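Read through the structures below before going on.
Okay, so subunit A shows up in both of these, paired with subunit B first and subunit C after.
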Partner chain A sequence: MTAESLSASYTVEFPFERTVGPTIGAFLGGLRDGQLYGVRTERGALCPPLEFEPGTGAETGELVPVADTGTVTSWTWVRARLGDPVPHDFAWALIAIDGTIGALFHAVDVGGDSGRMATGMRVRARWRAERVGQLSDIECFEVAP
Partner chain B sequence: MTEPVTTMPSPFRMDYTYVAGTGRTAFLRGLSERRLIARRCADCGQVYLPPPEFCSRCLTELEAPFELDGRGVISTFCVVNFPFPGQRIDPPYVVAHIQPHGAGTRPMHLVREVKPGQVHIGMEVEPVWVADDDLDTSLLSIRHFRPAPEGGADA
Partner chain C sequence: MRDVAVVAFAQSPCQAANRRDDMAGILLPVIREAVDAAGIGRDEIDFVASGSHDFYEGRTFSYIDSLDAVGAWPPISESHVESDAAWALAEAWSWLQLGEGDIALVYGIGRGSLPADLDQVMPAQLDPYFLAPLAPHRDAIAGLQAHAAIGAGLTSEQGMAEVVSRCLASALDNPHAQRSERVDVARLLDAPYVSSPLREHDVAPIGDAAAVVVLAADDAARRLAERPAWLRGVDHRMDTHYPGVRDLTESLSTRRAASRAAEFAGFLPSDVDVAELHTEYSHQEAILAAALGLNGAELNASGGPLAGRPVTATGLIRIGEAARRIFDGRADRALAHATNGQALQQNLVCLLEGEG
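== the complex of A and B ==
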């Protein structure tokens, strides 16, 4: 039996383009305009918005503009890799946007110092100058003054 | 209200290294010599093509390698009509699971030299190898399978 194992490098790649539907489409349109939106539900404004209420399955209502500030409810610290939204080590966090229910998943930049991260900390969106209608139109969240 | 977005790019990309392991390395080296290497499990009798090192049912080490000629039957197939990025062959074309005679597994490959509408389950097929210079430690050493002539040499 030949001792040495063969190996080879591969790349799998597929350029998916997905349709987003009316509710998330309007949310992404808002991001392009630099405005965060939630959607009305019986329990309050849900951000990020969904077409249906996750708890009851009921259709959600109209979109409403919301603040671009919020509170970190949960986070995990990661080392920066190529393609990440922040060039140095940062946190992925769930952020409760002010005045809404739900949790927005995004990066939080604290200058590479994990000691500055805390559950309950206040954050604000850092918007890109050039926006195209994607979640990355918000570069990341940063500590709110 | 703002103009809604209708689509968003959602590209998928992954770089990885495939490590063949001892069993499949022997299989791949065989392909570069136009040989199809199989191995049998002494416990359950299953014959693997391509063979790993250990039986996936019994976890016992498989017996010594032996050769199959690659002739077999189509156990199931599909006609690919849909174009997609990176496609190497113009559709329509046939991709089939082929159970080689003497093997208990059903490797997947192209079936060509036949109209897609004439392909059927149970059809007898044989491998068509690439030219000597193109042989490699890859399943691409088999260009495709084609219908085998009735009453072939070892039928």
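== the complex of A and C ==
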């Protein structure tokens, strides 16, 4: 018997094309255009939009344009890895987009200084110049002046 | 309703990585031990159910390998869930309720050590539109939950370290634990963050192990165990997937599952002597204890997941550990909780009871 372990390289991927539907599709299309959308629910505009109201399961309504600024409601500080949206250490955060209910999960760049992160801080989206219709069209959020 | 009980439980030691055995090799001795403890032959098992996640192995139907340890010829009645094996136990419980058979074997086998980088693997459990494309760090969503739990006054970094210190000390008596030690809270708090406010010890250590539970109904249960651990109530519920649209500081699905399980059982989580909670992170103990309304129960006396988290076997081990305390008379009533998904998205609650 040998102590050697065999190993093989493997790339984790999601090799499917799928139709994202009218709600998420329009949201992703909005990202490509540099515009965030929420979806109407009985409680207000939900961002990011879901096809169903999470509390009741009721179908949600039409999409409405919303601001690209918001407030951090929770955050966690992490080390930057290759391929992350920010090249230095940063926070993953939940961001309550202004005028909406719910919170958007994204990265917040404070220049690598965790001391600048706080619940309740104001942030705004930093958009990429080249956008393709996915979440990474927002590079990250940054401190709003 | 038929009375269904856990009549035997076995598990392999939790290892950070088992490079010696394949899936069937890890599982086979554990099945033998559980079947021997129940004193049955394999041909007496009417139904087999298992749980595993393909994404740790990076291939579909990865659990098929484990069937070599079950023995599937001549053909057996068999099912599988892509989930923690506690959900396979819920399926086996339902199957026994149908009255097609009397004895079921449930197993969970996980090899979380296989991926070289869990940060590449864990986003595979997230939705492919809003979360997976951002590829969050493996513990990031739990980090948000811990931060929110501290903000809500449910716990603190000190309180989380106290949970870890208590669990690792309890695990000294558990020969299957992956981690166990006496460690000062102050020393734990000196460690760096991995995803603030989580430190490495706040994260249950992922690894490799298998667990097996034998269930039996009515007279079969009385025949196979001296003191069966009767599953008086079993229920599971889920919260919305996206972490931004639910309150991360309370687990509504746990509360709902517990309430439904209590309706079946005729007693409440506040009545149990011991509780085994599937805490993938130390801060989740406070969230779960609040959602369940526990009242003085001994928590994770085995050390719990913070002492060893073999993927997809960890929830089933909670049920086995709770049952073990009923087998040996240390408890009359016990609660077992299992979770699946990120930040306590899906939750299962079992209420168990011994007689006499």
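Everything below uses one rule, namely that the second predicted complex is superposed on the first by the 128 of 145 C-alpha atoms of A that agree within 3 Å, B and C clash if a C-alpha of one lies under 4 Å from a C-alpha of the other, contacts with A are read in each partner's own complex, and residues count from 1 in each chain.
Just so we're on the same page, a residue touches a chain if its C-beta (ideal position, glycine included) is under 8 Å from a C-beta of that chain, and two chains touch if they have at least 3 such contacts.
This one's a predicted model, so the numbers in the text were calculated from it and none came from an experiment.
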Partner chain(s) touched by A:L28 [first = subunit B, second = subunit C, both, neither]: both
Touching partner for A:L104 - first (subunit B), second (subunit C), both, neither: second
Subunit B versus subunit C as contact partner of A:Q134, first or second or both or neither: both
Partner chain in contact with A:W77 - subunit B first, subunit C second, else both or neither: second
Contacts of A:V86 with subunit B and subunit C, given as first, second, both or neither: neither
First (subunit B), second (subunit C), both or neither touched by A:T19: first
Touching partner for A:S5 - first (subunit B), second (subunit C), both, neither: both
Which superposed partner A:P48 touches (first subunit B, second subunit C, both, neither): second
Common ground on subunit A, meaning residues reached by subunit C in one complex and by subunit B in the other: 5, 7, 10, 12, 14, 18, 20, 24, 28, 134
Subunit A contact footprint on subunit C (complex, rising order): 19, 55, 58, 116, 119-121, 124, 128-137, 139-141, 143-148, 151, 193-198, 240, 242-246, 248
Residues of subunit B touching subunit A in the complex: 1-22, 24-26, 28-29, 85-86, 137
Subunit B-touching residues of subunit A, taken from the complex the two chains share: 1-20, 22, 24-26, 28-30, 32-33, 35, 63, 133-134
In the complex, subunit A residues that touch subunit C: 5, 7, 10, 12, 14, 18, 20, 24, 28, 46, 48, 50, 54, 73-78, 81, 83-85, 92-94, 102-107, 114, 119, 134-136
